[in-house]
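Shared between the two complexes below is chain A, which has chain B as its partner in the first and chain C in the second.
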Partner chain A sequence: MTPVVRSVVAKIATYVAVCLLVVFFALPLLWLAITPFTPQPTYRVSLSGFTLDNFAQLGDNPQVWPSIRNSLVLAGGSALVVIALASLAAYALSRVQVPGRDQLLYALLLLSSIVTGTAAMVPIFLMLFQLGLIDRQVGVVLVLTGGLLPAAIFILKDFVDSIPRSYEESARVFGASASQILRHIVLPVIRPGMATVGVWALVQVWGNFLIPYVLLADPRKQPAAVVMYTFYDAGGQPDFALISTFALVYSVPVVVLYLVVNRRYGFAFQGGIKG
Partner chain B sequence: MPTTSPVSEQGQQAGPAAAAQAATRSTRGPTRRHDPDVAGLGRPRALAFVAPALLLVSVFLVFPAIWTLYLGLLDYSLTGAGAQALTFVGLGNYVSALTDPQFHRSLYLTLVYVFGSAVIGQNVLGFLLAWFLSRADRVVRSVLTILVLLAWILPGSVVAFLWQALLDRRNGTLNALLGTTDQAWVLDHPMWVIVIFNIWRGTAFSVLLYTAALTSVPRSHLEVARMAGASSWQQLRDVVLPTIRGHILTNTLLITLWTFNDFSPYLLTAGGPDGASEILPIYIYREAIIGGHLGFGSAISLLLLLTNLVIAVFYIRLLRTRSRGQEA
Partner chain C sequence: MAAVELSELVKEYPNGVRGVDTVDLAIEDGEFFALLGPSGCGKTTLLRTLAGLEAATEGRIDIGGRDVTTMAPGERDVAMVFQDYALFPHMTVTENIAYPLRIQKVPRAERETRAMDTAGPLSLEALMDRRPAQLSGGQQQRVALARAMACHPQVFLFDEPLSNLDARLRLEARTFLKQLQRRLGVTTVFVTHDQAEALAMSDRMAVMEAGRIRQVGTPRDVFQRPASLFVANFIGATPMNLLDGRVTGGRLDLGAGEGFPLPEGYASLAEGLEVVVGIRPEYVDVVGPEVPDEEVVQGEVLTTENLGVSALVTVDAGAQPVRAVVPEYPEPEVGDRLRLRPQGQRVLLYRPDAEGRLIEP
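Moving on, here comes the complex of A and B:
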């Protein structure tokens, strides 16, 4: 093959590969984009007609808006606690030497994978029952926060690590106190890190099904992830009009939030994950 | 992430030459030796900063985790004899797990799932996408990035419905597209379904990480290679891959651990048909929550955790060899 032919073949192969990838990633999303606007929605993706009638279902069902509000409370609460506690811990762990620090963080990361798993559900349930936190949203927030904190501290510690120590050194030379250093030097620099961790936590909790499902019995307190599985009609058939519109409404906030923070700070792991 | 530790440790242990070399990449190792507490925080205040997080993690993470491990030593069930009187069976649960053919099959399926969808699937596709996107034009880049990210950030409950709609036997999009009627993908190819599902769901993380990693490859190195007549493939192999080896290991470690503990295939196949896609998290769920065999389920959880631990140690070893090799 001559170089020209070869480069043409390579171009065509690239285009085909890109098209296939777009189809692969877009195909499952079609249903979410189209079905809420279809008359008589089912699993079938069809372009027959356009209607906004399905959205009326959202107003008719009394659980829809409270469940979104509950999701906001759980996700927002957990994100705030995670940001606050993880920033403090990450800063201290990055700047003050503690023996065995890295091993401790590794161990916590590994443990966090079983606590979010199914086997630990029974101990967690029993413990919250003893603490009187069953069926209370604060219990869900605490459990989720405990599971998210190790990874959050991990990510944030890397952000703090990437701040040159000379910043603080020079501030101290000029007589700044520890709290001034925190407020005027550290906080502005790690703010993107805090945003990253906050959005990450928010997305995790927003989509979490298992923990609120196990810990909250009262339907009025349950978040959208749990309530979505209750939208079946009397015959046990999924109520597609309600499910599709609800899925869209439930997805939009987390996507918008992600895009806003992504645009503002970028989700690069610069200074973050490195080898 | 955690992998920064080998570098700083090297800086402290190795000679001045190594420390200087480390300093060119990281300001941490050497400066830490001058002043262990650069911010003037003081040990009491540092402890006060760490304490709230540590308290929450201890109560709501470490304690239930240890409780789970302890349950693994008991004959503890929600029904039957184990519910009335708790007996200490020591390693009995572990022996019955390790000799249970269902556990063997489940472990095998988990390994297939992890290697197919994470170590190979997400990793390779994520890298190729990052490599391609870094040189693609703006429209293509934004479209692909948004699609890949959407698959990652949509809530799990929504994603479950999307894939039901895609694979549904009668009305599914895939059957409509391929013209196949009445093809039950979930029943006929359950492992393929969950592997491809996880590639779809999780590749975004690898794309993000590798995109960041590729920006750390010095442009001048690539240019030198190009001027010397290296093809794209040769540039990739000789310049890019060696530079980002650490990122590759970190990424592989994280996605391996996440995939090992991934429960979401349950939403697609529920482990079926007849256990054909019953990976370990689903096996644990079926034994512990549905079957009520809490002790047995906890024992398998510990085995899963140990597998994770072995993998983590293996990766960290690899990383250490790498940084030692570079600094020697």
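Moving on, here comes the complex of A and C:
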């Protein structure tokens, strides 16, 4: 083989591999976009006519809209608590020198995945049981917030670190109190970070299945992620009409939120004052 | 308007380092006062202690006759302009300038009027709705000044306010700042590491080293009669000639047969005393053959450096090179023989020890 032929073959092989990968990842999205509008939805992606009947079926199901509302409550509530606590903690951790501060943060970050994972499920269940928070949405919000806080603090601390001390000192010389400095200077400057963390927390909770599934018994309190799991017909077959339309509706708020926040603040995972 | 008085002020860090070491200083009402020193000398620490951003370890600070040593920064009635200006990036120029008034709970409408009034003389009216990121360095500096002026403080504290400007703008800002200070008549303490800036702008200045004040005086005093070798070395656009000499028979012997008569008033110095002879290159004249040999040092030109309207020549005068500033025309060439005579009343003698104090006549 000449070098030219070899390079052409290598190129073809690369493109084929890339195409296969793209198809692998794009197919589910394509299914999500097309299936809700097909008359006989199945696992397959097929363009056989166009209908909105599936959405009518969605409207008939009594669980659909309450579950979306529950998702909004859980995700919105967790995001708000995470933003509020993480900004304060990030400011404190950034400005106060505590021995072992960085180790503490890294340890928390490592352990946080356990809180929202399966490993700690039993102790968490028992704890919430003793606190009387089983089958209450506030319990779910607290558990998820606990799991998300370390990473949120970590991201926001980086934003606070990037605020020059002179901003705060300047305000102090003008007589600003600590809370005024926080409200007038620090929080507005880290707002892009708060937006990023808020969306991230919201998406995490929105897609979380396990915690609400275990901690909420009442179907009227369960969020969309859990309710979707119950869409089977009497014969035990998945109800594709319902699942596909619901999946589409379920994904819309997150996408819209992402677009809005991205337009307003732009996503950033590192702080920095634009010069 | 207020005088500032520091008595035995000490700022010691937890690791035992003294940023400010027993400083006594009286700054008069309405004075433009420069704190000058190399980086790390404690001048910024002193300014921050004045502002209240650092707590004094010992000593006392009075502003306008009021003991403010333990007061919070906001209670001291001072305004500070930081090196990076510290403009709040999320606020417009108006909001930035009005921020001190917002803290004082002045109603919004009045805040905006007063911000506009302050900004007017600084030619900022057209920029009031912009954010700091949309301003040039010079404009940012003026906004920072306006913000400091807006709260009508008793004292301005400037931390290297010109160091972020480019060289040309810096000269303009220098004049501007001096005029502004004169017009407002507010006591101003001004930190800089640039001796030219301190000399050009201040009414009086203090030269600091290692947390201590080495000399306080008018720019003229400090330039013409540096109190120690450190100050002598630090002040001046061209480095001062510091030559090892010895008092020998009414003359200063610089070694290798070179030397010149002892300046007036120093006749009582002990024979054989070792001294450091300080002469600014600006005060060394090139003279012709009519001047007798015993009054001059002479040698070949080693290098010439163009300074614009003048040139700095280094002459190999026996044991030690001597520098002189000569007029632009005719400039000597490398290798020319020059006869140099120091201006007698400008010759300074220092003790050759670590402290290097000026020997008074």
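Operating definition for what follows: the second predicted complex is superposed on the first by the 244 of 275 C-alpha atoms of A that agree within 3 Å, B and C clash if a C-alpha of one lies under 4 Å from a C-alpha of the other, contacts with A are read in each partner's own complex, and residues count from 1 in each chain.
The rule is short, and it goes like this: contacts are C-beta pairs under 8 Å (C-beta built on N, C-alpha and C of every residue); 3 or more make two chains touch, one makes a residue touch a chain.
All figures in this text were calculated on a predicted structure; none of them were measured in a lab.
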- prompt: When the two structures are laid over each other on chain A, do chain B and chain C clash or fit?
  reply: fit
Message: Applying the document's definition of touch, where does A:E169 land relative to chain B and chain C: first, second, both, or neither?
response: both
Field: Partner contacting more residues of chain A (chain B vs chain C)
entry: B
- request: State whether A:P188 touches chain B only (first), chain C only (second), both chains, or neither.
  value: second
- prompt: When the two structures are overlaid on chain A, which partner does A:A92 contact: first (chain B), second (chain C), both, or neither?
  reply: first
- prompt: Can A:R44 be said to touch chain B (first), chain C (second), both, or neither?
  reply: first
- request: Name the contact category of A:Q237: first (chain B only), second (chain C only), both, or neither.
  value: neither
Query: Of the partners chain B and chain C, which touch A:I153 in the superposed model: first, second, both, neither?
result: first
Message: Under the stated touch criterion, which partner chain does A:T2 make contact with: chain B (first), chain C (second), both, or neither?
response: neither
- request: Please state the minimum Cα-Cα separation between chain B and chain C in the superposed model, rounded to the nearest whole Å.
  value: 7
Field: chain A positions touched by chain B in one structure and by chain C in the second
entry: 164, 166, 169, 172, 273-275
Task: Can you check the complex and tell me which residues of chain A touch chain C?
output: 164, 166-167, 169-176, 180, 184-185, 188-189, 191, 273-275
Field: Touching residues on chain A, where the partner in the complex is chain B
entry: 14, 18, 21-22, 24-32, 35, 42-45, 81, 85-86, 88-89, 91-93, 95-98, 102, 105-106, 108-124, 127, 142-143, 145-147, 149-150, 153-155, 158, 161, 164-166, 168-169, 172, 177-178, 181-182, 186, 203, 206-210, 224-225, 228-229, 243-244, 247, 250-251, 254-255, 258, 267-270, 272-275
Message: So in the complex, the part of chain B that touches chain A is made up of which residues?
response: 1-5, 27-28, 31-32, 35-43, 45-47, 49-50, 52-54, 56-57, 59-65, 67-68, 71, 129, 132, 136, 140, 143-144, 147-151, 153-159, 161-166, 168, 170-174, 176-177, 200, 208-209, 211-213, 215-216, 244-251, 257-258, 260-261, 263, 281, 284-285, 288-289, 294, 297-298, 300-301, 304-305, 308-309, 312, 319, 322-323
Statement: The answer for chain C against chain A in the complex is residues 51-53, 72-76, 78-80, 82-84, 86, 88-90, 99-100, 102-104, 133, 151, 157
